[in-house]
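One chain, chain A, links the two complexes that follow: it is found with chain B in the first and with chain C in the second.
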Partner chain A sequence: MTAAPLQPGPHRLREMAGRMSWGIVAWVVGLAFFLPVLWMVLTAFKPESAAETWPPQFIFTPTLSEFRLVFSGMGPFLTHSVIATVGSTIVVVLLAVPASYALSVHPVKHWRDGLFFFISTKMLPIVAAIGPLYVIALHLHLLDSIWLLIILYTAMNLPLAIWMIRSFMLEVPGELLEAARLDGAGRIREITGVILPVISPGLVSTALICVIFAWNELFLALNLTVTNAATMPMFLISSVPQEGLYIAHLSAAATVASVPVILVGWIAQRSLVRGLSMGAIK
Partner chain B sequence: MPALIYVVVVTQIPFLVTLWYSFQSYFFDVPAPAHFIGLSNYTTVFTNAAFRGSLVRSVVMTASSVIVAMLLGIAFAVLLDRKFLGRGVVRTLIITPFLVMPAAAALVWAGPMLDPNFGLLNYLLEPFGVHHVAWLSADPLVSVIAVMIWQWTPFMTLIVLAGLQGQPPDTLEAAKVDGAGALATFRELTLPHLRPYIELGILLGSIYLVNAFDAVRLMTNGGPGTSTTNLPFYLYQQVNFAFNVGGAAAAGVVTVILTIIIATFALRMFARVFQFEEAAR
Partner chain C sequence: MADVKYVSASRVYAKGTPPAVDALDLDIKDGEFMVLVGPSGSGKTTALRMLAGLEPLDGGRVEIGARDVTFVPPKDRDIAMVFQNYALYPQKTVAENMGFALKMQHVPRADRDRRVREAARLLDLDDQLLDRKPKQLSGGQRQRVAMGRAIVREPKVFLMDEPLSNLDAKLRVQTRSQIAELQRRLGITTVYVTHDQVEAMTMGHRVAVLAGGRLQQCDTPRQLYDNPVNQFVAGFIGSPAMNLLTVPITDGGARLGGTTLPLPAAVRTAAGQAGLSELVIGIRPEHLHLAAGSGALSGEVLLVEELGADALLHIRLADGGSLVVARTEGRQSRSPGEKVTLLVQPDDVFAFNPGTGGRLAG
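Take a look at the complex of A and B:
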């Protein structure tokens, strides 16, 4: 007992070495996973002639020419993507907050069935209904319309949003709600005055996840839009020509399309983790 | 409950219409109106080798990518749970693939990464005796699955990591004092604690990967032949190139029913495995 603290040397050293080797393994894994993204960005700065060489070039004179080409053609796609993503996310939050409230703080009758129903709609593969969706959109004159994408992306993200927001609401301390009620606050006041301020970080991470999924969605856009509502993923596809060299151009387009979400995700990674894991425990 | 009405209208009506069309003969390119043909779309679906093949490939793709991504995710989460220099940076690097637009990921993998003539992977593997392999034609299914794993491992890592960090430190201390080895502690304490997180990851991963379309469409276009045609891609072809709404609807209904069966079965199995483990302790 008395001798142990006097000779910490070898033990400490071994611990440090262990920590270092774990760190090295983690760094190697992390870099390996990141490599394709890095390669995408590097290739985007190459002139087309330097992008398709063997061996691949790591040192080259960077150029912005491919980016210029990309920016010149993507205007409408970018606008559609922003409208569809922001629009659907706003509608999702507006619908999900009262729904989550009715499923957590003031549970309605059969709230379990309600919650299960929301989650179960997420289990149905949307691809299964693509033909009929096309026909419905055709009859409603919504084909190739940005409204259609907003409606569908809202439906796509709503179940996950309700699930997440509900678990954040369950975390709101009961005493706070009790105090608000004693002050004579109605339901609306209770939501806007007490609950929303407390769960606002959770709302942000929910909205972020909705933004990621809506921004990246391709299947519905590809099947149901042509030009008037074509989004960024479709812009990417259009950047692959039938012939000729295109690797640098493609990489530039892919970089531009991915970077907004990557940056937002990097900045908000802590709240992303929290948001995603909340559902697991509640 | 406006949200409930919204979800019912937008998600359920298309499926009801799907059900309706599945009993109809309806082709976009045929001027005749849709008409009732009973179960014959279903007979076609069940006898159709192309549908069965895409069904099997869908199951293989979803199951293998979710399982491998989860195993890697657990391993990475354990790595990231330790303290080391630059942990935040490494975590940022690892989550990045999940944030990349799937269409962008598919195209970048298909071109700059996997191209037989100038792809980076062939270059990196050259010292190991690999020479200009055309990955997308030599091993199309594995290539597509690998990209799906690359995109979803970060998601699994994040979820498992959240679980690891929510583990009460004093129980781990107690186990250490009791002289339990690291492996035994992980199996007996950490894994049961992680169970809801792992379940959640597998559930969400499966939901999204069953619908996997981008990688198939953009890396291999379902080929060569039909070797990477999964259900989403098959349905896409049926509607967009065969104009067969009735047939696609019947295939869709079968898909939905199978998804429900598999999801229920998977969840039950999971619950049983963990109950068994708890009972054994």
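Take a look at the complex of A and C:
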């Protein structure tokens, strides 16, 4: 009998086949999610005339004409989006840090109720709130104002940020806080000098998620702004003309609008993993 | 420098549960190295945290240097603590870690640097380590940085909560003597918590043994070993542990291992007064001597643990099958299955009340 050590046994073969079929499933699902994005990016480089053919053409002469068109009209929308996103995210972090501290490290009385209140604000359908919001904004003369968007995006992201930052703070070892107390650090020092440095990866990922949500927000912007505070998602809608072909143009605009979010998402994913695996002390 | 005093200090974590620390009375002298030792749940760490101000008192008071600090916040108690996991600030360098408390006290930078360097030298921490982050240090180095952080403050009292438990066995023994030596040199009152009775015996000037939140005995290591006040202390202090056996009382002494173990008259009187029909006797392994001849305890060797210089014999006694451990010289060791006879001096026998655990006079 000749030994054939490299020949895999039947058991091993079955294992390999099993792993391969899962691999195929993963690829199919992954492609299904990715294909529309690929189609959008490809279409963005087509002339309008070639965009709406069926079946979609994959071989064509790429053109940047639609992008040129997009960039020419995008300026104010981009500015508004950046201001509303960055502004609201800064305010969210500034408010969420002390709030999380009061709900985790030194929990206030009824901290559970507080925590539940924050998350309950996310349960109300935003459509139900839009009427009152409109009226309030009208009376405060905040309609079509970038300040209104900053306030609303802050309110929208604050609960999530508090929940996230709170969970990061709970990870900070108690001994570390006790050492700080013995060393004579007050509340402020305890937060800025001890807690924040430890949870900084978590803080970054929280901020990035807030950026993504604020950047993509459409409903509030659509209903409460017109031109003075219109954001990138509204620019996408405005790229749809009343008549004529618009698929290539829309694709180009959507591609441009997606780039920052994809970038931020990629960074957030890496720091989120780091944030969640914070084993600070040992 | 200061003495430390617990006066009926109590801590109850939750209503209806027994106190974690129950009316602790303890006087720690100026410059003394006091070790709190006990099994887990004995209240030793809670007692330390009460002194640190990290745990409020539910009764009694704590004094440092004749000043009642019961309601004084931790930072104003002039104490420094070394934590079990060191609790070094991960984002700060070694120097920043050690100087943080001074920075909080607004000590000028030059002064701060000088004191950090002095402490580092005292602990054999290289200057180049001062700029590293805790993550880049070995376990032993982290432990020394944690010590350094306490030393830099020049506090009235050092508090140490099992500071050696994260080190490997060899380093632990080495660091043990270093800490004891450092404490002697600095002369700062130290309260040291450990569950390891060897650590307690080797380091402490005096050792306070706690169990179930109550102080059992506070004395020098020698006294604890030679004169335990109750069964718990007798069994807890010493390694291998004292042999504790419940035996019936007979006319001349106690019935054990097919013979009558003579008991001192004082013990017999005390047992008679307490109306006991049996008692717990305690014999340290080194007091069970291998002997030839009769009139002694007889038994069979079950297991031999060779320690090099010594050997531990696990022996099943002839009647009743009680198990005892005897320490013999390594070269005179026996092998399993051998029949042996053991001799005990009457003075080496401790006797305890089986009901209360208290020592019977002897």
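In this text, the second predicted complex is superposed on the first by the 257 of 282 C-alpha atoms of A that agree within 3 Å, B and C clash if a C-alpha of one lies under 4 Å from a C-alpha of the other, contacts with A are read in each partner's own complex, and residues count from 1 in each chain.
Throughout what follows, a contact is a pair of C-beta atoms (placed from the backbone, for glycine too) under 8 Å apart; a residue touches a chain by one contact, two chains touch by 3 or more.
Predicted model, so just to flag it, every value in this text is computed and none were measured.
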Based on the superposition on chain A, does the combination of chain B and chain C result in a clash or a fit?
fit
Name the chain, either chain B or chain C, that contacts more residues of chain A.
B
Quick one: is A:Met20 in contact with chain B, with chain C, with both, or with neither? Answer first, second, both or neither.
first
Quick one: is A:Arg189 in contact with chain B, with chain C, with both, or with neither? Answer first, second, both or neither.
second
Once chain A of both complexes is superposed, is A:Glu178 in touch with chain B (first), chain C (second), both, or neither?
second
Applying the document's definition of touch, where does A:Pro197 land relative to chain B and chain C: first, second, both, or neither?
second
Check whether A:Leu95 is in contact with chain B, with chain C, with both or with neither, and answer first, second, both or neither.
first
Aligned on chain A, what is the least Cα gap between chain B and chain C? Give it in whole Å.
24
Indicate the residue numbers of chain A shared between its chain B interface and its chain C interface, in ascending order.
280-281
Chain C partner, complex, touching residues on chain A are 173, 175-176, 178-185, 189, 193-194, 197-198, 200, 280-282
Note: in the complex, chain A contacts chain B through residues 19-20, 22-23, 25-27, 29-31, 33-37, 39-40, 43, 51-56, 95-96, 98-99, 102, 108, 114, 117-118, 121-136, 151-152, 154-155, 158-159, 162, 212, 215-216, 218-219, 222-223, 232-233, 236-237, 240, 246-247, 250-251, 253-255, 257-258, 261-262, 265-266, 269, 272-274, 276-277, 279-281
Of chain C, residues touching chain A in the complex:
52-54, 73-75, 79-81, 83-92, 100-101, 104-105, 149
Would you mind writing out the residues of chain B in touch with chain A in their complex?
1-4, 6-7, 10-15, 17-18, 20-21, 26, 76, 79-80, 82-87, 89-105, 107-109, 111-113, 115, 117-120, 123, 150, 153-155, 158-159, 161-163, 166, 196-197, 199-200, 207, 210-211, 213-214, 217-218, 231-232, 235-236, 238-240, 244-245, 248-249, 251-253, 255-256, 259-260, 263
